[in-house]
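Shared chain: chain A. Partners: chain B in the first complex, chain C in the second.
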Partner chain A sequence: MFAVLGLFALFAPFLTLAANRIVAGEGIPVWAVAAPEVTGPGLIAIALSLVLSLPAALPKLRLIGAALGIVALVWLLMQGSETLLQGAGTYARVSLGSGFWFLFAILLLLAADALSYLAPGPLTRGVLLIGTIAALVLILWSGALTDLSIFKEYASRQDAFFDAAGRHLGLAFGSLAVAAVIGFPLGVLSHRNETMRSAVLPILSFLQTIPSLAMFGIMIPILAWVGTTVPGARELGVAGIGFLPAFLALVIYSLLPVVANTVAGLEAAPPAAMDAARGMGMTRNQRLLQVQLPLGLPVMLAGIRIVLVQNIGLAVIAGLIGGGGFGTFVFQGLNQTATDLILLGALPTVALALVSAITMDILVELAQPNTTRHQ
Partner chain B sequence: MIEIDNITKIYEGRPAVDAVSMTIESATITAIVGTSGSGKSTLLRMINRLVEPTSGEVRINGEPTTGMAKNALRRRIGYAIQGHGLFPHHTVARNIGAVPRLLGWDKAKIQDRVDELLDLFSMPPEEFRSRYPAELSGGQQQRVGVARALASRPDLLLMDEPFGALDPIIRTRAQADLHRIQRTLGSTILLVTHDMEEAIQLGDQVAVMDQGRLVQHGTPAEIISNPATDFVAEMVGGVDRPLRLLSLLPISDILEDGAAEGEPIDEKTNLREALSACLWSGRDSVPVERNGALIGHVTLKAIRSRAEGSHELG
Partner chain C sequence: MSWANLLRAAVCGLMLALVLRPEWFEPMFAPFAPEGAAIIYDRASLLSLSLSHLVIVAAASVAAVFVALLLAILVTRPSGKAFLPLSRTIANMGQTFPPVAVLALAVPMLGFGSGPTLVALFLYGILPIFENTMTGLSTLPPATMEAARGIGLSRRQRLFQVELPLALPLILTGIRLSVVIAIGTATIGSTVAARTLGEVIIAGLLTNNTAYVLQGGLIVGLFAVLIYDALTQLETFFQKRLGLAH
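Up next, the complex of A and B:
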């Protein structure tokens, strides 16, 4: 089915050519982006990759096919963007068309499907992930795609891009770290104390349901008031807008998954084993460190995974209130109706979330305690 | 010697354990038997202070447990429970060595002790040491659970329905193993069960609990032949009582000189098996052997008089 969809996608506009960065471009099918002797091999490679995806019983072949298809796509982008820009004017822009996105999505799905059939171990997955990132960095570094509009957007704000990346990572990982430092002890206390649990979890669930924009709305007047009335607060960066309110909002959103998964993780140890541990004279901390933590770690890490992926996505909204991060480009792009500027913010965010999710999945699997000798 | 002195636990105004006193002699097995809700597990858990008594005290060799630090007390007392409670992420050796590790024994000493216990439970150490609980059968898991409870040579071993999760055949073997090991090590064991058969088979003393009170405490023979209340009589079971009593009596009680026809039975068995041998082969008497040599015989008449005698006592 994917192969048929892929064939249809070949007829959709692969790239679009526009006179400048704002106006809507004209769609160009994949066979017309460059001379036939260039597009020919690329098209054949894509068709071949779609054919390779057909034999269900051979997941390795399907994976190789998908990889071949993606290489062919990148090759066509490189050739096409260069050719189309020749003689098209100084302000002309080449952007990615619907045909490219369809093909790209289909090939990624094919690769993911083949991978799930192969079910590689955590180490193999780690190697694959690093390999993919290395290939991506190499392509970007080589400058092969600099003719694409999104890279022109990048080239004109290179410093701002790395600044935003740093901010984004700071928001997502920093808020996670703070949430973990607060949430883990809170989870342990909630696990030990029934009254505390019945108070903490509903409050955090309630906070979680506040829409992110409303959360900023609440945060802005409160922090603005603190910034103006508490002496020295302004010097520490407390203000209604900027990094701090965004950071605090992310911390608040992170608490529920961290606390709830800590509690669930601590309860993962079999009740009989806990009774035995108490009966043999283990102290509360010995039970926590020797029994509950090793058995509950995968569940707790799964909580961290939820928070990390959620925060990388939510941190985009920080761009709205001057908190920095990739959201800055997204909202600038929205204001200027410059699609490629939006993509400059959105694509790294998606890539970051994906890499984090896969890395955390690997860690969760590695954290599984041994319960048999051969694993 | 363990003395339980007038111990009471009140939950929400109602006594779960009501003024229970009893003395457990060293190197014996005492089986506490009762229905669910009789307070037998609560009584057991008050001894290692998993449950704090509302009043009364427990003394171990004269020393009141309330004067000791809780965890230090628990490390002196073995604790084995239904469903074994092994740590799923630790190997057999690590599970068994848990309490010695808490007590700070050195590694070599722990390893020697683990191997010694595995041998004692007929589990070859080199084969079982590094297995995980999930890789053992139910009976093996239970044995590791008991071995873990015995690892630090505790003053007392508490067992809460230790065989509850086992199927009947494995259960009988586990009971026999426990009996043998208790005799070998001279351990003091307090065992909670809802099964009167198990209590009679294992206990040197049987304590029957009903609604938080200790209603009778005595040898299995006393409990069977002379139940103190209707509840105890019901627990002991009407028709099976003579058979249960015979199962407690050794052959030597009624051994007579002289020979008899047919297949001999071993001296170490009990009168219930002698009766069974008589009935099955239609004989009035069966020869008895010791280590393969004939030493006399028992008669059906003598067995019958013992069973009747017990009835008169009741």
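Up next, the complex of A and C:
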């Protein structure tokens, strides 16, 4: 099935060439992006990778095929963008076409499919993840793709990009840290006190329901009011617009997964283990730290995974209220109808979310107590 | 539980008043509007924006429910088993894509307006329902399935009379997740010129008119909370009917 889809994708426009960064480009099929002696090997490699995906019983072969295909795609991009730009005018832009995206998606799915069959252990997955990131960084660093439009957008706002990246990470990870500091004790208290639990969890899930744009919006007047009435708050940078309202909104969204998963994690300790701990004369805090915490760690880490992925996505909206982050590029791009500027904001966000999700999945698996693994 | 119903009625009333008679709230919002600016959003009627918001969410969600159920049923049949691991991976990884990014990426392909928002909401909405239905259908108690086979139910009968009803609470959880995300993402759809309540919030952000921001934010927030609550009630109802509730 993938092979058929992949063949169709080969006929879709691979790159588009436009006179400048705003107008819609003209699609160019993959065999025409460069001289035949350049595209030929690339096409053969992609075809080979699709053929390698056919034997269903050989997931390793499929994985190698997918990797080969992706290498071929990158190579075609490098050659194609350079050739197309020659003699096309100073403002000409080469963007990624639908054919590229389809092929890329199909090859990634092939790789994901092969990996889900192979079911590698957490360490192997970690090595694969680091390897992929290293390859990506190497390609970006080498400057091989600088002719593509998205990298021209990057080149013209290099400083702003790293600024935004820092802001984005600060928003996502900072709010997670604050939420963990507030949420963990709240979770422990809710675990011990039934009344508290029945009050805290519904309130937090109610807050979680509020649409993000509304939440960011409502934070603005509250913080503006604090900034003007509380003495000294303004000097600390408390204001209606900017980093702080976005940060606070993210903290509020993060609380539910942290608290709910802390409670669930603490309850995950089997009664027998708790009885044994009590029988050994452990105090309540000792039981918490030495029995419940280690046993509940995977569930709590799963909560952190939810928060991290959610915050990386939501931090994009901070761009709308002057909070910075990759959202700035996304919304600037939307305003200027400059597709590649949108991509410059959206792609790093997606990549960041994916990497965090995979990393957290690996950590969750590593935190599983040995007993459950042997069962 | 009557106090809960009372609260529900009050919230409903507040929402209707905000949508239908916004002028009643003028004194409340007045301190937030800049001098001389309009206090109540008047570039479009709040009612038409609300309706358009709800229609976009409803259309995307209904389509997503159909597609997600169909796909989940297909991959849990014996003939579709080969796709089950891949489906899990796609559902799992797909949900890490930020909804805003999906929306932003839909624009270059589909242009501005309500269309891309609808498509983005639909595509994103499939995942939670698909994942939950898949989990629901593949973790049924083996004894029940054995019994269903034992009393001579055909495959189709087993699906409609046993499997789907048993998976229903989990499916509904997926639908609720999906709808709540859709309401929020539709709000952001206004940045790509979809007609939703986000328009009010964004107009407020652009003109520094906090009164608009509050107005739009309150209505959307109340919508989301009410719909979330209604779907939770539905879930508890079905759980009770199945005898699963405590």
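Note that the second predicted complex is superposed on the first by the 366 of 375 C-alpha atoms of A that agree within 3 Å, B and C clash if a C-alpha of one lies under 4 Å from a C-alpha of the other, contacts with A are read in each partner's own complex, and residues count from 1 in each chain.
Criterion: contacts are C-beta pairs under 8 Å (C-beta built on N, C-alpha and C of every residue); 3 or more make two chains touch, one makes a residue touch a chain.
None of these values were measured; they are calculated from a predicted model.
Undergrad: In the superposed arrangement, which partner chain does A:Glu365 touch: chain B (first), chain C (second), both, or neither?
TA: Neither partner.
Undergrad: For A:Gln286, using the defined touch cut-off, is the partner it touches chain B, chain C, both, or neither? Pick first, second, both or neither.
TA: First partner only.
Undergrad: So, does A:Ala276 touch the first partner chain B, the second partner chain C, both, or neither?
TA: first
Undergrad: Contacts for A:Asp163 in the overlay, against chain B (first) and chain C (second): which applies, first, second, both or neither?
TA: Touch status of A:Asp163: no partner.
Undergrad: Residues of chain A touched: more by chain B or chain C?
TA: Ranking chain B and chain C by residues of chain A touched puts C first.
Undergrad: Should A:Ile317 be classified as contacting the first partner (chain B), the second (chain C), both, or neither?
TA: A:Ile317: touches chain C, not chain B.
Undergrad: One more residue to check, A:Pro294. First (chain B), second (chain C), both or neither?
TA: Only chain B; A:Pro294 stays clear of chain C.
Undergrad: Of the partners chain B and chain C, which touch A:Glu267 in the superposed model: first, second, both, neither?
TA: Touch partners of A:Glu267: none, neither chain B nor chain C.
Undergrad: Chain A touches which residues of chain B in the complex?
TA: 48, 50, 70-75, 79, 81-89, 98-99, 102, 130-135, 145, 148-149, 158
Undergrad: Going by the contact rule set out above, which residues of chain A touch chain C in the complex?
TA: On the chain A side, the touching residues are 56, 98, 109, 112-113, 115-117, 206, 209-215, 217-218, 220-221, 224, 240, 309, 312-314, 316-317, 320-321, 327, 330-331, 333-334, 337, 339, 342-343, 345-346, 349-350, 353-354, 356-357.
Undergrad: Per the contact definition, I'd like the list of chain C residues that touch chain A in the complex.
TA: Within the complex, chain C touches chain A at residues 32, 82, 85-86, 88-90, 92-93, 95-101, 104-105, 107-109, 112, 180, 183-184, 187-188, 191-192, 198, 201-202, 204-205, 210, 213-214, 216-218, 220-221, 224-225, 228.
Undergrad: Touching residues of chain A toward chain B in the complex: what are they?
TA: Interface residues on chain A, with respect to chain B: 270, 272-283, 286, 290-291, 294-295, 369-373.
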